[in-house]
Amino acid sequence: MINGERKISRPLRWGMVGGGRLGQVGYKHRIGALRDNTAFILKAGAFDIDPERGKDFGINIGVEDSRCYPNYQAMFAEEAKLEDGVEVVSIATPNGTHYEITKAALEAGLHVICEKPLFFTSEEGEEIKRLAEQKGKIVGVTYGFSGNQMLLQMRAMIEQGKIGDIRIVDLQYTHGFSSTEDADKFSDAQKWRVDPKIAGPTFVLGDLSTHTYYMSQLIMPHMKVKKLLCDRQSFIHSRAPLEDNAFVSMHYENGAVGRLWTSSVNAGCMDGHRIRIVGSKASLEWWDSKPGELRYEVQGEPVQTLIRAMPYLDEQCNADERLGALHTEGLSESWANIYLKFAMAIDAKNHDDEETLRSLVYPDIDAGIDGIRWLENCVRSAENGSVWVDFADRPLLDVN
Amino acid sequence: MINGERKISRPLRWGMVGGGRLGQVGYKHRIGALRDNTAFILKAGAFDIDPERGKDFGINIGVEDSRCYPNYQAMFAEEAKLEDGVEVVSIATPNGTHYEITKAALEAGLHVICEKPLFFTSEEGEEIKRLAEQKGKIVGVTYGFSGNQMLLQMRAMIEQGKIGDIRIVDLQYTHGFSSTEDADKFSDAQKWRVDPKIAGPTFVLGDLSTHTYYMSQLIMPHMKVKKLLCDRQSFIHSRAPLEDNAFVSMHYENGAVGRLWTSSVNAGCMDGHRIRIVGSKASLEWWDSKPGELRYEVQGEPVQTLIRAMPYLDEQCNADERLGALHTEGLSESWANIYLKFAMAIDAKNHDDEETLRSLVYPDIDAGIDGIRWLENCVRSAENGSVWVDFADRPLLDVN
Amino acid sequence: MINGERKISRPLRWGMVGGGRLGQVGYKHRIGALRDNTAFILKAGAFDIDPERGKDFGINIGVEDSRCYPNYQAMFAEEAKLEDGVEVVSIATPNGTHYEITKAALEAGLHVICEKPLFFTSEEGEEIKRLAEQKGKIVGVTYGFSGNQMLLQMRAMIEQGKIGDIRIVDLQYTHGFSSTEDADKFSDAQKWRVDPKIAGPTFVLGDLSTHTYYMSQLIMPHMKVKKLLCDRQSFIHSRAPLEDNAFVSMHYENGAVGRLWTSSVNAGCMDGHRIRIVGSKASLEWWDSKPGELRYEVQGEPVQTLIRAMPYLDEQCNADERLGALHTEGLSESWANIYLKFAMAIDAKNHDDEETLRSLVYPDIDAGIDGIRWLENCVRSAENGSVWVDFADRPLLDVN
Amino acid sequence: MINGERKISRPLRWGMVGGGRLGQVGYKHRIGALRDNTAFILKAGAFDIDPERGKDFGINIGVEDSRCYPNYQAMFAEEAKLEDGVEVVSIATPNGTHYEITKAALEAGLHVICEKPLFFTSEEGEEIKRLAEQKGKIVGVTYGFSGNQMLLQMRAMIEQGKIGDIRIVDLQYTHGFSSTEDADKFSDAQKWRVDPKIAGPTFVLGDLSTHTYYMSQLIMPHMKVKKLLCDRQSFIHSRAPLEDNAFVSMHYENGAVGRLWTSSVNAGCMDGHRIRIVGSKASLEWWDSKPGELRYEVQGEPVQTLIRAMPYLDEQCNADERLGALHTEGLSESWANIYLKFAMAIDAKNHDDEETLRSLVYPDIDAGIDGIRWLENCVRSAENGSVWVDFADRPLLDVN
């Protein structure tokens, strides 16, 4: 159980790019990173594309005036000069800027925590991976939902054979907030999501389902996609070629099959983030809308509902528990768990502690690259008429 | 609201083929047909492949000794000689016998109510349709779940534009009772289901999802499948070529997309029969495990749960209500509703009442043939490597 | 598993008093009694206070013209003259008539199945019990919900010590259909329910919660109420002294405590019929709105949901199963189960088969009298200022 | 929507008494107070009854060595000497110490945030209230669940007449973690809870249901209890006179009735914190286990489920929103909301801003005193044989 006591020798000096006053995801980064003041301390930021608003905002959340920068270039340059300059930076800007900011940060000697989808192409991913290795830095990816410890419970139970051999994987991340064309007009965050120059080659696949795909891999690390088929649509036609709905079918190397549905036009759906793993003996099911519950359905036995914080859960799971039974945890605890692992990874990296690095389970650069590749394969399938494509785990030139 | 008072001039004299002591579905036919004693009266039967057991059983459910026949041939021949011989016969035998028994029944001048999947090929379906027309008889198909009046509520709401234009159709009928190979050994009803000679070209597609496909068409009569792709598996290898799991992707003519999951290896799943229809404004969702509820999710509004028997429901829906609010209805009410419509259709046919026939919504021979065609298209897709196939609405020679 | 085969040598000739075209509960009697045509055959009726409507209705549900009687007196007299006259009669008329009709039926040599609340006073109950014994007849009481086999599962699990010692009993039967005064004006069935001359000394206590009290006793036959306190209200003042809402607190002889809420002004509540039994180790909970599920909550273990028809259930429970897993059962199956037991009890009584009578678990005259007594004690408490009263298990003169 | 930007001119310097490494509730205070670093900054603490463990812990959560004090006396004395000494202190120690620590803190010129149940007697409450007024300080009470904004939604809807006149109040806060005697042996936090010298005159009433009672008053500020009856039990006999289970019946001044169940022996119950308010037109229901949902049940209409963060909610509710739709909030957001209001109240008090103080809705000293009084009345009823007692809103000498 985590109670806020430090896990690393001292808190890391942390800065942010993006995540300003009107940004959707910035607050989640801060509640994750700053949960306990023993992992990260917010020291600087280039919070906004609008420098003035960014500065005003930074001051308002307690950052020193002089360390609220007009842009990331200035921040990286100026902070490098300070004795207590930031050591790590989080990037919470629209997709199209992730690559260049990550690159600049690594080159400025910073660890990086970047939003998903990491970059546009897996080639960029490989390049950044090489750069990070060369610089001795961590690149973490904020698959924010993946910090929920019930996913680790699923991982542990699957590893222990509690469901038998995996046969069917059923993934869903859908909502209905973009059901009408109007949705694209009034929200800035929505505008760029349907612009391929900024969003990249996908809308909902990258926006929503990369989370779920990563979570599935976290739960079942040995399952590898062998081939897939992606059928995507733009129900609001102005969004084409970017999809607002997609179905992905997957065949795994062990013979299992999977399907994934992602959508922003699933009208009225408020609980559409779900994972079901079916094995030869039993199934496990988790819904993001009831994050503290896990259904364990053994064929021929009463349905079981496992509940967060209970002693019968695996120790891997309960190690990330914070509030105890009878108290609800939500997304902020997931982010706190992930950010704590980022801190531990950075601290380990700083101390060349390879053992810790190997044992830590968190979304690292490989998870980020795997996400991009999955998207590349989806797009390749879709663009070829929604056909089966062998999963290519190397960069695919035709999607660049 | 139905209270058991007669809807037709006199109850129909009814016989059964199959549905004997050990048969799974026979009791459902009887509780449907005999619900009120004003639609059907059970007069005769060839209930069992084992004549002795069949006779013993028939007597035990109140059929006269002399009218418990050793086989359907004897029944059709002998009953034809009686003044009060049966007028209509239900067929509740394994799939592979449906065609020949239906044909014999029609030729004996009987109306027919037959189990699903109706026959093996749509050619057989067309042939029987012609024969029934020629004989002036009804052929009904017992899609037993489809009698639930909440499906009519969905139909009414969709027709009234309550969800906008249909975009996404999400269908599921899965359970886990065949998760192990053992399942095929111990139950007779399961043995024939995995034998292509008796089951036909599919296992779960025909056994489970033809219900759901029909229900979707009942709800959205104007939606026509344009192309589909079927990916099917035999997780218990001895079942091959018959599938125990399948995913079907569908494109409809209006641009909507659909998916369907059917499985008998969804381990532990006890509530896997579901229908969700997503429109441009709202969605409707129904789960067979809570048959008296309907979720109506309007984007941007509170989620609504509509509940059976309430005055706010459409009159189409409440016309099939039987027990009133606060009282749970289950599958037996669905079957009672369907059988009542069969009775009304037969009565109308007997009286050449074409208007009634046109207005009655029930699973008729066309619904049966449509189900077979859908299966044929699924098999064709699967056998060609799970590729997209244009939905062929004429017999497909290669699946005969 | 019940499949409709006869449990008694021949179906009983059955008549009805009340339960006519506009009656609420009559149809439930018929779907219960006639479920399989092997327990009861409907031969006669005095279905309605309006003789003409009653006859028209009777004919319409298949009763012979000559056996649709203008009133119960005529029916009992005329049927007694017939060779195949009715042997058993069900009484589905308003409360205030139960006593006189039951008495007349017994005196006419008929077995009786009567609606709840059985009579107004437990003295009447004792008198009728003596009369029934003298006449060698059965008096059954249609606690219609109590036929759900999951209640027998609860009974078996409690008996087997699966929850430890019973500590807390939490009962609820509430709805909101009488939230406004208008409710009393437009429905005949509601009008008499708030008239003490016809309804008796209570409204919702007798109308709703006698069911739940009986069900609790069915589940926990060894638990006896020692004292109770009843706090009742008439939120619609014109209903006074009859209550539309009541809370009852109970102390049991073993030290357990209980509470019960009954209401017809629980606005909007559509799922308010619930039973929770808390033991020293675990709890069991059943909601009438999900009649095929039972929650089994062992302290410190995952919550279990037991599901109807599964082999892991007790054989007592599965003996009353009808449709099998994956198929929903509702109230009509409960009534069918109860009526089948009435038939078996009557058959046993006719054959002096005391062993069968002792082993059959069904709502008999004692259950009916216990229900009246519980009501008498509730009223006594309420009328004395909602004070604790020792549970009197003999007639209480002051409530006559 | 709250995004972490400051609501007061500068963060308050904050200290803690109790809430150390092994304390249950301390972490919740810190995640509440420190959520955004713009309301409170943790500067000092006397975290533990064991000074050494307390110091080690304090350092480990980032407090300066020199400001980790051996006890509250030292802390109040030393901090007073510092220029940047703490201004406000939170008390997260067992009940029996609240009064003396609060008094000492006020006398040291500090604002106080204290755990519930506030003190043992309402006389103590009145005394502290006078002292706080005299000192110009705030005393807040951490009814931690009450910060959930859906409760404000209920408050707004009730005020707007959306459910009509309140008739029935149904409150529950139960769990089963003390079902066995062992529970009292192994946990320190449980040991003192059943010791009247430390816990005060109640166990579960004060430990659990004071939360729920306060929440009900937050939701329905105009509802005043007129009389109540409390029936309490000690199922684990060694706990007597303190109860591990209690039922409270309430009559409100407007004629409404209420009931409350609190228990720590509701075996297996993991979702037992619930509030239902029934009005003449509709009901509202909230379960702590699904904190982002609110059921709105209008009699005769579809059941509505309102979901957190949606624009259709009242602005009072959405003002306290933090994460936005599709993201789950849990208990930590409730605490963050409450602590933010404490900060705003303290800031207003510091600036003599009476208007802000009047408009802020948060658990203040009056809420704390009201909670004690409710407990006093419950105990008085129970000790007199579970009889009705008129709600006394002045100190009751006989419970001192």
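Here the chain labels run A, B, C and D in written order, and each chain numbers its own residues starting at 1.
Following the convention adopted for this analysis, contacts are C-beta pairs under 8 Å (C-beta built on N, C-alpha and C of every residue); 3 or more make two chains touch, one makes a residue touch a chain.
Note that the coordinates shown come from a computational prediction; the quantities given were computed from them, not determined experimentally.
Common neighbours of chain A and chain D, by the contact definition above: B, C.
Set against the Cα centre of chain A, the chain with the most distant centre is C.
Computed from the mean C-alpha positions, the centre of chain B lies at a distance of 56 Å from the centre of chain D.
The distance from the centre of chain B to the centre of chain C, each centre being the mean of the chain's C-alpha atoms, comes to 35 Å. Remark: chain C and chain D have CA centroids separated by 44 Å (rounded to whole angstrom).
Residues of chain B in contact with two or more other chains: 177, 270, 296, 300-301, 303, 307.
Contact topology of the protein chains: fully connected, every pair of chains touching.
Contacts from chain D toward chain B in the complex involve residues 296, 300-307, 310-312. Considering their complex, residues 163-164, 167-168, 170, 176-177, 179-180, 229, 231, 233, 235, 245, 247, 249, 257, 259, 261, 263, 265-270, 278-283, 296-301, 303, 385-388 of chain A touch chain B.
Remark: chain B residues 3-6, 11, 21, 24, 26-28, 30-31, 34-38, 42, 57, 60-62, 175, 177, 270, 273, 288-291, 307, 322-333 touch chain C in the complex.
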